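After this come two complexes, each holding chain A, first together with chain B and then together with chain C.
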Partner chain A sequence: MISTYTAALLADIGILGLGALSVYVILSTGQLSLGNAAFMGIGAYASSVLTVSYGLPITLALVLAAVLTGLIGVVVGFPALRLKGIYLAMATLGFGEMVRSFFLNLPYTGGSAGFHGMTHVSVGYIWAWTAGLVLLVFLLESSRFWLKLRAVHDDEAAASLLGLDVTALKVGAFGVGAAIAAVAGGLFAHHHVYIEPGNFGFERSIELVIAVILGGSTVAPGALVGAAIVVLLPEHLRFLSQWRLAAFGTLLIVVLLTRRQGLLDRPLLRWLTPWARA
Partner chain B sequence: MTGQPLLEVDRVSRRFGGVTALNDVSLTVPEGRIVGVIGPNGAGKTTVFNVITGAYPPSAGTVRFAGRPLVKLPSHRIARAGIARTFQNLRLFPSMTVLEHLIVAQQKAGALSSLLPVRLGDRKSLQTAEEVLAFFGLEEHRNRLASELPYGLQRKVEMARALSMRPRLLLLDEPVAGMTHEETAEVAALLRRLTATGVALLLIEHDMTFVMGLCEHLYVLDFGQLIAQGTPEEVRNNPAVLDAYLGAEA
Partner chain C sequence: MIIQQLVNGLTLGAAYTLVALAFSLVMGVLGILNLAVAELFMFGAYVGLTMLIAGYSIPVALLGAMLTAAVLSFAIEKIAYEPLRNSPLVTPMLSTVGVSIILQNVATNIWGSDPYQLPDEYLGQRIDLGLFAIGEMQLLVIGAAIVLVALLGFLVERTNIGRALRAVAENRDVARLLGVSATRLTLVAFLISGALAGAAGLLIALHYAAVTPYIGVETGLKAIAVMVVGGVTRIWGALLAGPLIGMAEVLTVAYGGAALRDFIVYGFMIVVLLVRPGGLLSQRGGAEGQRS
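And now, the complex of A and B:
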């Protein structure tokens, strides 16, 4: 058996990895979302209410929460179409804070006191979701459909002149990203068995983006690599005590300067998966 | 000209604020033919392409393709109707290899197979891409990033990408700009072989030898006005053209 400590770290990596994957999917169309913690929050609260108040099984609750959050993601995706780069980042940040204060003021889910009563889920259950979804996106990445997302990312005008519906692809990516974030949030809620609005604030959104940037922002498994770094590195830098966050920040800057696409990129992934080569 | 009109631009004007970029311009491209648009810089040639492909609507006039009106359709619907284009300033996808450019452009290939890994469940797209690669002689560059290729090859990749859409009409904006003499001759031969497959071409070009040798019909624009049209021979001997355009070079 693995120790409680190891299990907790693995669970954190799995949940953060899924959250990072949700950022990655949206980023694949060239849209940077700084509000994905809000989608996690919606998924966390929705799935928790479904299991605690309505007695639904966890898997069904997660699927329903993902569908609901995905629809909200589509709604958010439409105004996002009019914004690019830093403006979109600021708008999604605003959306995130809006959702956080919504839950803070919602008596039904406990407001600032938080919500509890969920049944704990195992590390294995978390990783079944994480591995399944990362694998799914990883396989999708070698499809013609994913090339369309990359075309939108690279040059929207050229993509539309190839007959690609840029609006549908960008809004769809927001919806799917939001749905994945909702699963991450639901797993978070049922792993910690207690949630409060503060769990899904701005810092969480930034953590998801950092995982994607460090791990690799051009391939799906990069989200997992990044999540592992973000969770494990501070643990292994404990000897630096209060300097460890500074060291972590330094690493982030070094990666951005020397390897902007993150640790894992397309050439490295091709080298690591020789069976997938042509 | 003979043949059914595939593209009909009918009395199109386009104004930008107080500037009239196109004034009452009409032109047609028959099925499977090569038609050229020439004129000095700033004559409005690229504006014609932008109006046809829906980058912006005309201020007046209509555009019909295969009998259907195109005006006010979004760009991707116009592209799906069968019109592809290349750009004067190349617009390749920086993250993609040559082969990926040709696969992503296949809008008409199956929707279900588009979700499967290309090498496993979408072999038809891969095969089409291979055929286009061979047609343009790009096989040896298939797995290189298109943006890292020499300029002349990048122009070919753009044409190959447009052709992968299986269009009925291909708009080429200065297809041989910046190419060497040999490359230009090669492209001319490629385009002739292309029309043999039934694709119609509408091209903008400054290289007069290239245009005169390739096009069956020419339109001459100057300051947004159509000043002449006809066969290369007729246009070459038209005094208005000599005055406005060729005369300046002679």
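And now, the complex of A and C:
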């Protein structure tokens, strides 16, 4: 048996890992989103309403929330095509703030008072989702489909000249990323059994991006590694008491300066998994 | 009544304009979003307030806030930006997030997380002008913002450094080919950007009469919206966009319900990004938004 403390940390890592994975999928096509916490928020509210107000089982609610949010992601993905780099980052930031403001104004889900009444889910359930989705994306990475995504990431014009449907790939990545974020949000809601719009603001979006970049933005399991760092590091810096956040900020800068590709990259992953070498 | 709201919006807008200029100086020259600007703003507010409480006059406190934020901004450039200038744009942006986390933690430890109050003697009188009343502090905020923008205008439009800044903002590579020293300019851009953010911090503190360690993020995000609406690479757009967003904000609070405020501001920003990526004042179909 694991202690409640360990269980809480593990749950946080699983949820943050999924959120980071959602950023990773979108980033794989070269699109940086600073608004993925909004997709988490939509998934959290949608799944909570489905389980609390309509009495659906949690798994079904999560799947429905993921489909709904994925569709919203596609809708966001189309205008996103017009923007690149930092402009897209700023637009998604704006989208995130709009969604947070929307939930603040929605009396149906409690507005600023938040929404509660969800049934608590176990760590095992959270990790079943996390492991399943990370594995799925990881397997996808060795498929032709992922090669196409990387091609769009590396050189959009060249990919388009090769006959790849750049539009579908980029919009699709937004849809899939949004759906994954929705699952993360739904699990968050049913783990903490209380949500408020402030849970899904700009800071959360930034946290997801930090996890991806720290963990390694070139391989899917990097999202999990990054999530573990973001959750565990401040815990292990507790001896610094009130200065631990400053220490975390410093370490973040140090890692960015010394290992830009993040902790986990392909060579390290290959070294760690010798059995997978053909 | 509506004129009163517009005056309040103008005050808020003046501060937004300064922070937006702080963002757009770095953005225009380097193409990166320096998210630490938001916390430089917060730090400037605290340093300025501390100096006021210690008995210094407002102009001295303003200079102190600007100097502190400029020095911090210089350090950010050296530590968190310079070594990363050749990496993808997300990396230097996140290292400025690292700096933000540190600055917020330091501020919380020095000044505490409760609101830090402006001394009573600075609350000032309201001057009744018949149609509306304006607070002394409001006048001061607007006046100081005008002076600072005028100084920046002189620097950017009339000096060699300013010409070089504009050249780099217009086209980085060509400016470099023409012999503009990018390294020195980068430092100058960070210094001015920090000074503006620090000044805006103290001005907002005078306007709201209190500071918390968390004012940085909210004001910072609004300032990004102001920068976008004004046009990211055209510095003077912020002069129009700042008061515009400030007034839109105050008017939605007064007539549409406070909660709608952010929805309107950020919705407007996204529409501008999609329809006029070069800012409100740009020609239709400006190419800026397409730059990666």
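Please note the rule applied: the second predicted complex is superposed on the first by the 277 of 278 C-alpha atoms of A that agree within 3 Å, B and C clash if a C-alpha of one lies under 4 Å from a C-alpha of the other, contacts with A are read in each partner's own complex, and residues count from 1 in each chain.
As a working rule, contacts are C-beta pairs under 8 Å (C-beta built on N, C-alpha and C of every residue); 3 or more make two chains touch, one makes a residue touch a chain.
This is a predicted model, so every value here is computed, not measured.
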| item | value |
| --- | --- |
| Superposed partners chain B and chain C on chain A - clash or fit | fit |
| From chain A, separation angle of chain B and chain C (C-alpha centres, steps of 10 degrees) | 90 |
| Contacts of A:F78 with chain B and chain C, given as first, second, both or neither | neither |
| Chain B versus chain C as contact partner of A:L139, first or second or both or neither | first |
| Touching partner for A:Q242 - first (chain B), second (chain C), both, neither | second |
| Chain B versus chain C as contact partner of A:Y194, first or second or both or neither | neither |
| Touching partner for A:F102 - first (chain B), second (chain C), both, neither | second |
| Partner chain in contact with A:Y54 - chain B first, chain C second, else both or neither | neither |
| Partner chain in contact with A:L252 - chain B first, chain C second, else both or neither | second |
| Chain C versus chain B - closest C-alpha approach in the superposed model, Å | 13 |
| Touching both chain C and chain B, counted on chain A across the two superposed complexes | none |
| Residue numbers on chain B that touch chain A, as the complex places them | 53, 55, 74-76, 79-80, 84-85, 87, 91-96, 100, 103-107, 109, 113-119, 121-122, 125, 143, 161, 165 |
| Residues of chain A defined as touching chain B within the complex | 139-140, 142-145, 147-148, 150-151, 153-155, 157-166, 218, 276, 278 |
| Touching residues (chain side chain A, partner chain C) in the complex | 27, 32, 79, 82-87, 89-91, 93-95, 97-98, 100-102, 104-105, 111-112, 202-203, 206, 209-210, 213, 242-243, 245-246, 248-250, 252-253, 256-257, 260 |
| Complex interface listing, chain C residues touching chain A | 27, 31-33, 35, 79-80, 83-84, 87, 89-91, 93-95, 97-102, 104-106, 108-109, 217, 221, 224-225, 228, 232, 257, 259-263, 265-267, 269-270, 273-274, 277, 288-292 |
